[in-house]
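Below is one structure, written out as structure tokens, with a few remarks after it.
Each chain gets a letter, A, B, C and D, in the order it is written, and its residues are counted from 1.
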Amino acid sequence: MYEIIGIWVGAFFTLAIYSFLYKENPVYRLAEHLVVGISLGYTMAITYDVVLKPRLIEPLLAGGSWILLIPALLGLLYITRFISSIAWLSRYPIAFVLGTGMGVGFPLTMKSNVLRQLEAAMIPFYQEGMPWHMVLGNVVLVLGTLAALIYFFFSKPHKGFFFGTGSRIGIWIIMLGFGATFGFTVMGRISLLIGRIQYLLGDWLHLIE
Amino acid sequence: MKRTVPLMIVMVGGILMMVQYFIPHQYSQAVFDSYVSWAPIIAAFALILGVGSLTRVHAHKIRRKAENWQYSWAVLIPLYAMPVLAHIWPVSLSGGMDEPSIFHFLFMHIQVPIQATMFSMLAFYIASAAFRAFRAKSALATVLLLAAVIVMLGQVPIGDLIAKWFPQIGLWILRYPNLAAKRAIMLGVGFGILATNLKIIFGVERNWLGGAGK
Amino acid sequence: MNIWERMLNIDRRWIFLSIGVVSIIPFLTKIGLPVSTTEEVEDIFTYIDSLGKENAIFISFDFDPGTQAENMPMGVAVMRHAFHNHVPVFLTAYTPLGHGMAGGALDYVTRPSTPGYYTSVDFDEWADIRNAGITDRDELEAAWEEAGNVLPDDSHGWVFEGRDFVYLGYAPLFHLVILGMTSSIETQYPSDAHDNPLSEMPILREHKSLREVDLAVTTSGSSACTAWVIYGREKIGLPVAFGVTAVSATDYYPYIQSGQIIGQMGGLRGAAEYEVLLQQNGITETTDKAFTGMDVQSADHLLIIFFIIMGNIAYFMGGFHRKKQLKGGR
Amino acid sequence: MRKDWIGIPALGILLLLASFAAAQDAVEEMTQDADPRPGEMMEDTAGVEGTQLQPAVEGVPEEPGPALDVPGAITVEDKDNDAGDQLVVCFEPPADTSGVFAYNVYRRKAGETGEVSWNLVKIIPVLGPTLFIDGYDPEYPIEPGTRYEYRVASVSLEGEEYFGEPQVAQAVPAGELYHTGKTKVLIAGGLFIFLIFYYFGKAQRGRQMYLRPIAGIEAIDEAIGRATEMGKPVLYVPGLSTISDVATIASLTILGRVAKKVAQYQTPLMVPNRDPIVYTVADEAVKQAYLEAGRPDAFDPDSVFFLTDSQFAFVAGVNGIMMREKPATNFYLGMFWAESLLLAETGSLTGAIQIAGTDAVTQLPFFITTCDYTLIGEELYAASAYLGREPKQIGAVKGQDACKGIIMAFITIAFVLSILDMVADTETLEWVRRIVTVPIVD
């Protein structure tokens, strides 16, 4: 019973959102507002349950973990944001999270986004027994990366063989990449639509399995 | 106090964590461990900011009886009802169906369908844009559209029916030119992130201070 | 107003309607066009297939309900594969909403109304066997059935909570949680989402940190999946596999080629491929939702390509391309 | 003057080369003692447990067998690059392994007595590696500076243990002050920081630095001019994200420049906002621009406005404005998500000139096919540095360019060497590649 009511309610709100395709209307507006409240409310509940309770409140109540009061007080400073005279205090926790986050991220990004990618771009484009389309692919891969980097190079005019031709090839490669993204994005959006149709026709109306 | 101290915290925190990465020693590890246990607690409080601003915006609307103010109740009531409900039926957090609760119901049967539907609407808009806006107005746009069509056909079973090699072209575009473009962007973005990290740590970029009085 | 102009200015609700209709028909006709598999997905399948009860994997539900149509079938397919091979599974989530998604996936796989479901045994239910010191997967199942429990006919097998899976769920700043789990899972999750103590779970006793885990599969609708690479792979060499939405799938090819991830499922197609592999290898009897969706996907892609072509014909025939142009630029 | 960046990458390469030898050794060391994880060793262990072990097990008789051969000498070394919480333990397997099912490794603090003080820290299958890293088990952590004692037992199938001699560890666990495996990241990071600061300094000393023209920027003035000619307004959407997004910051800088031009031409401007904080900053920026253009009186306080914080409602609102007001020029600069398509589609229907720019890669294809000009990714940041004329921002762009230069140099060298390898059958590429190879495991 519980599940059946749930599916009917879900179907109602699915159709409420789709009604926007015809015309903006009050039911759509209601659904749109509800979801904002519910999602943040849900996040609050979960955050309390999985963070504050087990990591702060329980250790504190058990005694001994008084050091956890420091992050708790720092966190509470966020609230000063709503009192304009001392709103600047909210910068402290922001600064802590931002600064440490940036520090942790710096070497890891350098390793993962830069060194590792550079290493992978330096590949032998031919090895024995490789089919021709892979060899061609590897050449496109290495020179394409180079060309696309040239396109994003701002310190030189795009003239001459290296920078001129290079950046032109670069933008073509980028467009091919964007074409692939485009195709996949279309596929993704349609997948989501398919998911909803399966819900409406299957879970709700039982017209399909 | 208002600007200098936060800038100092950012700088000290940033440099400390950066240096920490290179030092495996136990004291350095202890710094890191306490960071890992503190950061989630601070982040949890940050949620108050979101809840607070949302409450403020909608309370304001209701008070002023602004256009469509009635809908603001549809935001505020579930916002505060959800945590309360969750603690009346704490077991419901598990997400299982065996112990139904209003909390679980609101999430599973209102939030999930609405959110899933929102983005699926894009399928309709893409179709409309395909007809009315995606133009091969330049050589580059033409390349983009052609690649898109090849990939779109190659990704679905019908591509196999057109020709066995057809999806292979799509895969080739994905594995080589696409990879080259994405890697170049990744490297560029990587440097962009690194530069932003540095600018923030060393106080060159201070936009994040904004909005809380001078 | 010439014919082309009128054509381009057609009320777009007609276009909406056509997409709607074209998306529904294939469901009713059920063509079942074959889906061929790609290397990117086969690599994940082969890897998981080589694991057994002494290994363990993470399946992380790093997406929100918005992309569940694409991500959920991936998580479900991998979970089925692991359950079939008795590979212990840790379920985690990057976001609070993902917490509910992980629970939903587990519920789907263990619900008797799902074809080919697994019968879940709660952690408390087999406490006696556990207290008797039996924790080995095979011995546990034997002891459980000896105690008079009978597997329902349509069920695919038993799954024991705390032995075959543990539902850890969401924890905030999840990238730091990954980092923390590299030294200990238990310090990051004092209890699981069902409030069971992790310290008593055999799965946790045998796999105490990410170093003792063989794979993390992240199903993600955003860049959350990269956290597993940056904090798991780069830190301790944890093998990672991606299940990402089609929208972001093209962005992660660099990770595949550089060997930072072992494979990737991209969008509904990727999920469908995994379902096909499961079926071909006799792990499931039928394919699931993602495969069924691929017919619709074909039809819709054809329609959209048709729209692009028609739109461009109208645009150029109608001479719109000459109307507005700036002097400079490309 | 403009050529001096070339020297920097060269310097970088030299620096890297110099460190090559030292770092390389470290890498080799690292890969050697990387812990053997079941996943990566799958071919070995899976084979072992799956096939070879089985006959051995079957061969063992049911009743307790004769005493098993015990493991031999144990050697314990401190692990490099750790926090003093790991030890590398190695033991000699018994000469005769028949009947042995696995090895149990026990540890206790040296000097402790009694059977209970031994902790079982590792179980190794009989054919598994006899070298392992102890200390990963969070339940029995190794404390830095403590001397431990180990003993290893042969375990029969029935679970009976036959102990070898206990051995006090030859080494005491100690944490290191520098991780030798991270030298390359350190060099790369240091070089990056150096280059950024070098160009910061140069920029601040007022040196003129060249940035190439970007097509979209040149089109901005022209597009505003067109709106003036037609007597229609200009629409500027500064993205849908918050102020902390780099794209939003870049967009607001460009907005200042657009507003100034608009003020000069006396064209109406509309700036709808989704984020309240972005709204206040945008309002400031436009006001300031009118002031700078010498026309503060012409500033219309209603031109910058907050629409709504809901994504789709925002789009519906902006689309309504487009249909009603028919702006001649639309700017979409900043962070966009799914709404990019909806905005650009409506804009193209109204016949407006559209200039877009974002770093959201998934949205760029839609902008490129529907808009007249698109700033792609980093071009948006560069454009804002270009238009904002803040020296340090330009310096940062130059610094990043220098790093890209280094990357480009490496890729070019690699390409040349791979041709050389192919022709001359050498292995030069592998050699250069090792310079940038970082170990997978820290």
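Assume contacts are C-beta pairs under 8 Å (C-beta built on N, C-alpha and C of every residue); 3 or more make two chains touch, one makes a residue touch a chain.
Fair warning: this is a prediction, and the values are worked out from it, not measured in the lab.
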Most central chain, judged by mean C-alpha position against the global CA mean: A
Top-ranked pair of chains - ranking by C-beta pairs in contact: A-B
Rounded Å distance between subunit A and subunit D, as computed from the means of their C-alpha atoms: 14
Between subunit A and subunit B, centroid-to-centroid distance (C-alpha), Å: 4
Rounded Å distance, subunit B centre to subunit C centre (Cα mean): 18
Per-residue overlap in subunit A, given as positions that touch at least 2 other chains: 20-21, 32-33, 36, 39, 42-43, 46-47, 51, 55, 106-111, 114, 116-121, 141-143, 145, 149, 152, 174-175, 177-182, 184-187, 189-190, 192-193, 195-196
Sites on subunit B at which at least two other chains make contact: 18, 21-22, 35, 37, 39-40, 43-44, 93, 97, 107-108, 111-113, 115-116, 118-124, 126, 128, 132-135, 140-141, 144-145, 148-149, 152, 155-156, 174-175, 178-179, 182-183, 185-189, 191, 194, 198, 208
Sequence positions of subunit D contacting 2 or more other chains: 182, 185, 189, 192, 312, 349, 361-362, 365-366, 368-369, 377-378, 404, 407
Pairwise touch network: line, ring, star, complete, or other: complete
Contact set on subunit A toward subunit B in their complex: 2-3, 5-7, 9-11, 13-14, 16-18, 20-21, 29-49, 51-52, 55-56, 67-68, 70-72, 74-76, 78-79, 81-82, 84-85, 87-88, 90-110, 113-114, 117-118, 120-121, 133, 136-138, 140-145, 147-149, 151-152, 170-187, 189-190, 192-193, 195-196, 199
Parts of subunit A lying in touch with subunit D, wherever the complex brings them together: 20, 24, 32-33, 36, 106-107, 110-111, 114-116, 118-119, 121-126, 142-143, 145-146, 149-150, 152-158, 174-175, 178-179, 181-182, 185
Residue ranges of subunit B in contact with subunit C within the complex: 35-37, 39-40, 43-44, 91, 93-97, 107-108, 111-113, 115-116, 118-120, 123-124, 126-128, 130-138, 140, 145, 149, 152-153, 155-158, 160-161, 167, 171, 174-175, 178-179, 182-183, 186
Subunit B contact footprint on subunit C (complex, rising order): 8, 10, 12, 15-16, 18-20, 23, 33-36, 38, 64-69, 97, 99-100, 102-104, 106-107, 111, 167, 171-173, 176-177, 179-180, 193-195, 246, 250-254, 257, 267, 269, 294-295, 297-298, 300-305, 307-308, 310-312, 315, 321, 330
Subunit B residues within the subunit A interface of the complex: 1-3, 5-7, 9-18, 20-22, 34-35, 37-52, 54, 56, 68, 71-72, 74-83, 85-87, 90, 93, 97, 100, 103, 105-124, 126, 140-141, 143-152, 155-156, 170, 172-191, 193-194, 197-198, 200-201, 208-209, 212-213
